[in-house]
Amino acid sequence: MKFTVNSSLSYVVNAPTTFIFNIHALKTVNQTVWEEQLTLDPSMKIEEYTAHDGSSRFVRLKVMGAMNFTIDYSAIVEVTPTIIDENNSGQSVPVVELNSYIASFLYPSRYCQSDKLMTFAYKQFGHHTSVYDKVLAITDWVHSNIDYISGTTNSQTSAMETITERVGVCRDFAHLTIAFCRALSIPARYFTGYAFQLNPPDFHACVEAYIDGNWIIFDPTHLAPLNGLVKIATGRDAADAAVSSIFGNASGTSMKVDCQVLDSSFVPFEFGENQKGICYQ
Amino acid sequence: MKFTVNSSLSYVVNAPTTFIFNIHALKTVNQTVWEEQLTLDPSMKIEEYTAHDGSSRFVRLKVMGAMNFTIDYSAIVEVTPTIIDENNSGQSVPVVELNSYIASFLYPSRYCQSDKLMTFAYKQFGHHTSVYDKVLAITDWVHSNIDYISGTTNSQTSAMETITERVGVCRDFAHLTIAFCRALSIPARYFTGYAFQLNPPDFHACVEAYIDGNWIIFDPTHLAPLNGLVKIATGRDAADAAVSSIFGNASGTSMKVDCQVLDSSFVPFEFGENQKGICYQ
Amino acid sequence: MKFTVNSSLSYVVNAPTTFIFNIHALKTVNQTVWEEQLTLDPSMKIEEYTAHDGSSRFVRLKVMGAMNFTIDYSAIVEVTPTIIDENNSGQSVPVVELNSYIASFLYPSRYCQSDKLMTFAYKQFGHHTSVYDKVLAITDWVHSNIDYISGTTNSQTSAMETITERVGVCRDFAHLTIAFCRALSIPARYFTGYAFQLNPPDFHACVEAYIDGNWIIFDPTHLAPLNGLVKIATGRDAADAAVSSIFGNASGTSMKVDCQVLDSSFVPFEFGENQKGICYQ
Amino acid sequence: MKFTVNSSLSYVVNAPTTFIFNIHALKTVNQTVWEEQLTLDPSMKIEEYTAHDGSSRFVRLKVMGAMNFTIDYSAIVEVTPTIIDENNSGQSVPVVELNSYIASFLYPSRYCQSDKLMTFAYKQFGHHTSVYDKVLAITDWVHSNIDYISGTTNSQTSAMETITERVGVCRDFAHLTIAFCRALSIPARYFTGYAFQLNPPDFHACVEAYIDGNWIIFDPTHLAPLNGLVKIATGRDAADAAVSSIFGNASGTSMKVDCQVLDSSFVPFEFGENQKGICYQ
C-alpha cells in the first residue's frame, strides 16, 4: 500500500536553540520511501542521521538567534506490513531467550512505570493463557477505561497518572498499554507514525508488543486502521521518540499533519481467525 | 454490647518530644465508657482533652529528654450502634442541604485525593442509582481489587498510590474508599477504632459515609464484624486521626492491642434486607 | 482602612449543578462589612451561611438545568488589622499547649504534604532560633526559589510538585509555605482574600502562621501590601477555601475581581523593628 | 591498579523464575579482567552474554521450581582509568554534534525525571560557565542537601521523590545528579560497580557525565575514592543497570560484596589543578 504523508511544523525561536526532529518515514524491510522532500523556510543547514539502533531517522539543526521558521516534510511511502497469522503461536518468548536489545523493552521507562503496576496487571490480565490474549485484553481494557479527551494531559503525563485520572490522548493510551505489558514481562515499545483516517489529523502513537518473535502493533485508541500506519520511529516511550526535542528557548506555533492512501482498494484491517495482527518490523 | 479494650505502646525518646495520642474510646450517644485506666511507665504528667469538634479524645504529654516509656490504656466500653434499616432511603443528602461541618468531608484531603479520581469513580460506580448502592459497590471494588499485604505501605501512602499499586493495609483501603466517595460528592470520613476478631490484633481503620442523614460504617477489608468496633476517633483521613503524632525525635518500639467482647451472645452483623448497615454516630 | 471590593463570576451550566461560593468578605473583630450586595443574573434562590468554625461565609445555590449565569458581589469593608510589635515574642506556642482547633493546622493536608518535607525544612530553616525568623526565612526562600508564572499549574497542583518544578502562582506559593511551616511544627493556614494593588487583579492567596498566640500573615509572592488585604476565608489549604466548588457539570467563562482603598492615606506596610507583621484575626 | 572483587547473592525461589544478573566486571579498554570465576550452588545451567551496546555483561538463568540458591562471583581486575587533565576543556559537546547513542542520555528516564527539574536546574546551576563546573556544582549540591540514610528508600524511589524528601542512598544520589545534568542538556548515565573502601561494603552507584568528549565519573556520596572503582555496567538509570532483575516469584535472602586493592601503593584520587577527574571509558 502506498501513502503520501506530509507534516509542517512552525516555531518561534527566542534564543539560540538546537532542534532534533523525528518526522521522517523510517526505512525498513517493510517500508520503502519512494520519494521524500524536506524543506526549511527560511533555508538553514541541517543534518540528517539515523539512530544507532536504526529506530529513527533524525533531522538536527541549530538556530543561532531569534527567528521564526517552518519545517516541511513530505514523502511517498510504500508499506507492506506482515499479516500475523496462525503461524504465530501467540506465546511469549521466554525472558531467558530474549536478546539484550529486545530485553531492554522489559524495563520501566520515564512514562511507563511498569514496576508500579505489577499487582494490578497480574490480577487484571494474568489469567489469560497466551501473551497474545493478554495484550489484546490490555488494549481492550485501556480502550474501555480511559477517556480520550484532547488537552487533558501534557508532555509530562505518565502511566501512573493515567491509571489514576483515566483520561488522556494517544500518547497516554500507548504509555499505559506499554507499562501493563512490561509489568507482565512482555517486551513492549512505543511506536510513532503517520496514520490514515486519523481525525483530527495528527501524529499518532501506538504500541508494539513482542510475541513469538514478532513485534505486533496494537492501538488502544481504535482511532485509525492498523494497516493505515507509516512508521516514523520506535523507542522505549515518548522520551525516545518525540516528534521534536528542543534544547534552548523556542516554542511551536502551528502543526499540520496529513496521511492519505494512494490506492483506492484500501481495506481496513480487522482482527479475524487468521488475522491476529500486523507487524511493521 | 460490652467490650474490653487494651492498648500498650512503647517508645524510645532521643530528645525533647511532644506526643499526642489518640487511643481513648470516644464517648458518644451510642458509646458509653464504663471504666477506663491510663497509665504511663514511668509516670509522667499528661493532659487529656477532647477535639473542638468532639471527634477524638486526646492525650498529650511532653517528654523532656532521652528516655524509654510505655503508655497503657484499658477500658470497658458499651457500644449500642444503630442498625440502619428500611427507614434509611439510601439516598444522598443534596450538597445544597448539607451543613458546613458535614460538607467539609466532601473535599480532598492529604491521603484521599478525590479530585484525581472523579473520572474513574463516575465511570466505575456512577451507574448505581442510590448513594447506598454506590458506597457498597465502592467497598466491594476496593475489597476485590486491592491486596491486603502487611508492610507494603507506610504512613505517607495515599489513595493515588493505592489505586496504582493495588496493595495496602486497612488504612490504605479506607483512604481509597473515602476518596472514591468524595469524588462522587458523598461525604465520607476516616474511622479508627478497636476491632473484635481482627487478626492479627491491631488498631483498625474503616470508613463512614453520610447517607440520608446517617454516618454509616463500611469496612472494605472485611476483616472484622461491623458491629465489633469501638470508636476511637473520626477525621478527614489518617492525618487527623493518627493513633500517635510525634513532634520531636522518638520512635515506637512495640505495640499491643486487644479487643474482646464481654457478652457471649455476640452475633456478627450481616447485611440483609432490613439490615442495610450500622451507624456508630 | 476602608476598601471597596467587587467580584463577578460567570458560568455555563450543562446539567444540574450545585455551587458553593466563597467570595464574601468575612466578618471578624478586625473586619467590618459596612455595605454589601450579592446579585445573580438571572435571579435565583440562594442560601448564605457561615462555616461551623467561622472561617468562611458561603453562598450555595443549585442550578436545575442548562443555563448561563453570573454572580456579582460588592462590598465596602473596613479592616483594622493588628500590628504585631515587640510584644509578640516571635516564639512558638509549644505543641503541648495548643488548643485542638489550632493543632489541626499542624497536620498535612491535600495540597500541603508537610510529612514529605521534614528533612528539607529542618536542614534549610531549622537553624533559625525563633519561629518568627523561621517563617520569615521560609517566605523569603519560597519567594526567591519559585518562579511566579501564570498558567503553569492547575487546581490539582500541590506543594510536592512545586518543590520539584519550582513554578506556580499565589496558591502554589501559599501551599509550599504552609507545608514548610507544618513540617517544623508551626501551625499554618491558607488565607484567601481581595488584595489592593494586586496586578493583574485576582483573588489572592496568602499564609497565616501561628506565632506566640497570633495568626500573623505572610505573602511569599510579595505581590500586594500586607495591609491591603480583605479576608474572605481561611482553611487548611485551597481544598477548604476555594473561591468556588462545583458539584455537577459546569465551567467558568469569566472572572473579574477588584479591590480599591477608599482612603487616600494608605501607606503600604513595611517590616521594621517594631513592625513584625500584621494580624487579621 | 589491580583489584579483587567478590559478590555472593542468595535467593529463595518460590515458583519458576528467570534471573538476569549484572555482577561481572566489564571488559573495556581501561579495564582488564585477569581472572574470574562464577559459581552457583547448587550448580545450574547459566548463559553469559554482553549487552548489545557493550554496557553490561549479563548472566541469565531460569530456575524451574521452588529452591534456594547462591551465586558467587569473584575476579581479579586491572583498572587503568584515564586522568582528565587540562586537555579537557570542561566544555559541553553541543547537542547538535552528539552522536545518537550519546544523545540518548539527554532524555528523561524512569528514575531521572529531568523534564520536571529544568527550572530548578537552571536557577541553581545555570550560572556556571563550563559544563564541568556545572556538574561539580550539582555533585556538591546533592552531597550537601541529601542525607545518606540506609533504608529510607526502595527500588521504586526516583529523583522527583529525592528532591522532595531529601534522603536516600547511593542509587538515589546518582539518579538526582543525572536528572539535574540532563535538565541542563548534559548527557549523563548511571554507573554501577564495585568500590574500594566503601563502608559498609555494597555495590556502589555513581554518575558519568559527558564533557568535552569524555565520560567523567562523579560520586555525589563521597563514599569511595573515584579511582577505587571497578565498573560493572552503565545505563540510563537503575532500570537498565540493576544488579539483579527477577522475572517470577523469588526474593533475596543475603548479599555480600567485597572489593580490595592488591597494590599497597593506592593513593586516593583528589581533585586538583590538573586532576579534573577520572574517566573509566
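Letters A, B, C and D mark the chains as written, and numbering starts fresh at 1 in each.
Just so we're on the same page, contacts are C-beta pairs under 8 Å (C-beta built on N, C-alpha and C of every residue); 3 or more make two chains touch, one makes a residue touch a chain.
What you see is a predicted model; the values in this text were computed from it and never measured.
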item: Set of chains adjacent to chain B and to chain C; value: none
item: Pair joined by more contacting C-beta pairs (A-D or A-B); value: A-D
item: Geometric centre distance via CA averages, chain B-chain A, whole Å; value: 46
item: Euclidean distance of C-alpha centroids - chain A vs chain D, Å; value: 30
item: Residue list for chain C, restricted to those that touch at least two other chains; value: 116
item: Graph class of chain-chain contacts, one of line, ring, star, complete, other; value: ring
item: Interchain pairs in contact, sorted by label; value: A-B, A-D, B-C, C-D
item: Chain C - residues contacting chain B, complex; value: 18, 20, 47, 49-53, 56, 58, 60-62, 94-96, 99-101, 103-104, 106-110, 112-113, 115-116, 155-156, 185, 239-240, 245, 247
item: Of all residues in chain D, those that touch chain C in their complex; value: 116-117, 119-120, 123, 145, 147, 160, 163-167
